[in-house]
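My structure is below; once you've seen it, I'll send some questions.
Per-chain residue numbering starts at 1, and chain names A, B and C are given in the order in which the chains are listed.
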């Protein structure tokens, strides 16, 4: 059985007539020790999904639907008290902007030891020692000195390392990383991804990687789910997805990556429009307004998730793309080469 | 771009569905703010209170039933015995300690109070905005000398802000002697550094925005950038402050009256002066104090509510 | 840190110079000049001329200003027309009373204001929030002296629960040590004096507290609302910390930073409010004396007190800035 099994998760904001579905029936599994990617552009519902799993969405004005079974128990129906015990010990999360995610007026040491005290009962010198050990493990040099410092005294990469140290402090079984490298310099991005990979490999921790960056996916993920407007539009293992993207959106995403081996003068191939150019899923495929292949059939009700080609390769499209995409770096998924910049989220 | 030849009915259907899917954008910032303001209960209540007050102040004195300065019922009020005259048919708000009609004085007082509030706010706003505007323009686009000028101006406002406001007003009022003009100047001058710092700070924030850099890199003249870009975008906190300072001006004017530095002209008292006179008889005739006090409180509340609602409507951070 | 102190103390000099010019002009522009102020309106011209000569008022303005400034710097603030005592002595005699009143007021405002603002923010839109916001809005709009009047009318005159004026009942034995009446009672063991002083303090300090209370409630509320939306609070929650730790260490500690600054800026408003409050309750502090000085045209007192109050105000703000730089590590480094 999967460690985390998300089934038809919906998150509705608002209410009182102006409800909007940020997540619209998302299902996916994460197995023990597996790295699963949740990919999409900003506004597609990927961050909301992660916050819903952690129980971090505000209780007012938000409605949750579906199930999210973690080790057999539904996270969505847990009480706040039960969730507090889970968070930090079983489930942990790493956020996008390390500076704003750290408390500016509390020393790094306190922010690391407080989680050790909460879930592992470590106090005083023992907690400090373990905190220093953790900082050392995530590659922060001179950890005992760093414990006394404040977030603004650390570099961006150091801050993210400190956050990772907190997340792995209690050896959680599932780690959720929400765009952990987006706010960092390109060279640092690769280091952080390498660190995450290392930790996951060593501990057998499952990782849910939320990103808009296909380079990150190529380097890290075993299984990939592509989200568009709150629904999974394509789901496959990494090799299958990169070799045969079938949903026009996933296809477009891969084609839009600039290639070094492309002939000079060949134009780039962006996906036109933005996520705001969409129709409601109830009326048809939300991607239709941006799609080059849409037909009348796309405009009559929600397309179903099917497996038109290979087993385990699901696509939500009535006429999926059949041509493969050539990607030079596909067979050498080396993280240090694939992180390709961009700070937009 | 499309590989498929577009089919008309398909496009129509798509356009129809896209239109039904709600997507709001393109509204101007000010129009959005106006919409939020109209939806804010506090803002609407504040606006209504202000409207009533302004009508009362402008039209009211013509409808005053009696001469507000005439001590018509002098012999009916016996201060020494603690006998005062409360509301009655002829005198809706009763009489004051000298036998004058309180209601007539209240109506005249509304006009004087509005006058004091508006004029002192304008003194603070105009002078403060000129100082702050020049200083802000100099700091953003004036080079090294501009920065020096700005630093100097800000030091001066620092000095003004270093004084407790009431004491600064007292000092000014005492130099100029007792009159309504004095009160307006004293209360207004206290506001100058506040407006100056606000506009300057807001302009500096705008000056660091990328669109200003972009405009400069296009070679647009500095004066033009300030006038067409920076200044208009910096005004919203100043407008909010102007509304709020009408409330503080009315309250500060009342305090100056209480300290004996208000207008000595008894025929047309502002509400603060009425309250100051009445408070001496509070234990025997509390209602005499209550009319002007409630007038001050409600009016100040109106301006505060509207000001706060405007601040919330204009602040993009508070959206949602 | 030391540089900050020195810079701020140096800034005090132009402030006081500017103020002294204003006050000097004021003295010079008095109707009839200082001579009539001292001798009264009906003094003969010869006598006035004699006084003017004696005071050096027949000399050019800049010479006069120089002499005025020199006396000030030497600490000679003149004598009070009302009491005939040196202004400095009058100030030091009354200063402790105002300190006691202001401390009490600030204490009330902090103890009530911060929890109230915090709870209002946590239960945004609830009845407590709506009450706190509306009461504080009305609070801003009430003239302080009118609030004093109402409280006095209800609790002292109507109900007779509390004394309506003064600092101590006559007949109560009180030895002066620090000048803070409540503290003195505790130090000397005269607990009835402490109790009596406390009863006298309640109404004035509650009145005076209304000014900072309103600001503290609103600032705390706004600040907590902002901090609750910060990423680091979400991080703290994601670590599964106890609600108590999230609230104290992560929300409040950050939310109170701007409130500390506000408390410093409030001392100015507090001193202004003290003039009004002390006069209504005949509380013999510097505010009451200043009020009497305005009424009695006691110019040396006005000039001296305004100068001294300004210095106190600037020093308090300096202290608050220092406190701020201690609690906010980001400022500390710079």
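The definition used in the following text is that a contact is a pair of C-beta atoms (placed from the backbone, for glycine too) under 8 Å apart; a residue touches a chain by one contact, two chains touch by 3 or more.
These are the chains along with the protein names UniProt gives them: B, C = ABC transporter permease.
What you are looking at is a predicted structure, and each value in this text was computed from that prediction instead of being measured.
Asks: If you tally contacting C-beta pairs, which comes out ahead, B-C or A-C? Let me know.
Replies: B-C
Asks: Please identify the chain with the largest separation between its CA centroid and the CA centroid of chain C (ABC transporter permease).
Replies: Measuring from the centre of chain C (ABC transporter permease), the most distant chain centre belongs to A.
Asks: Report the chain ID whose CA centroid sits closest to the centroid of the full protein CA set.
Replies: The most central chain, going by mean C-alpha position, is B.
Asks: Using CA atom averages as chain centres, what separation in Å is found between chain A and chain B (ABC transporter permease)?
Replies: 49
Asks: At what distance in angstrom does the C-alpha mean of chain C (ABC transporter permease) lie from that of chain A?
Replies: 55
Asks: For chain B (ABC transporter permease) and chain C (ABC transporter permease), let me know how many angstrom lie between their CA-based centres, rounded off.
Replies: 25
Asks: Considering the complex alone, what residue numbers of chain A touch chain C (ABC transporter permease)?
Replies: 54, 56, 83-89, 92-93, 95, 97, 100-107, 110, 114-115, 118-119, 150, 152-153, 163, 166
Asks: Okay, in this complex, where on chain B (ABC transporter permease) does chain A touch?
Replies: 1-4, 7, 9-10, 13-14, 17-18, 20-21, 23, 25
Asks: Can you list the chain B (ABC transporter permease) residues touching chain C (ABC transporter permease) in their complex?
Replies: Touch residues, chain B (ABC transporter permease) against chain C (ABC transporter permease): 155-156, 158-159, 162-167, 170-172, 174-175, 177, 247, 251, 254-255, 258-261, 272, 275, 279, 282-283, 286, 289, 293, 296-298, 300-301, 304-305, 308.
Asks: Within the complex, which stretch of chain A touches chain B (ABC transporter permease)?
Replies: Answer in residue numbers: 272, 276-280, 283-284, 288-289, 292-296, 299.
Asks: Taking the complex as given, what residues does chain C (ABC transporter permease) use to touch chain A?
Replies: 230-232, 234-243, 245, 249-250, 253-254, 257, 327-330, 333
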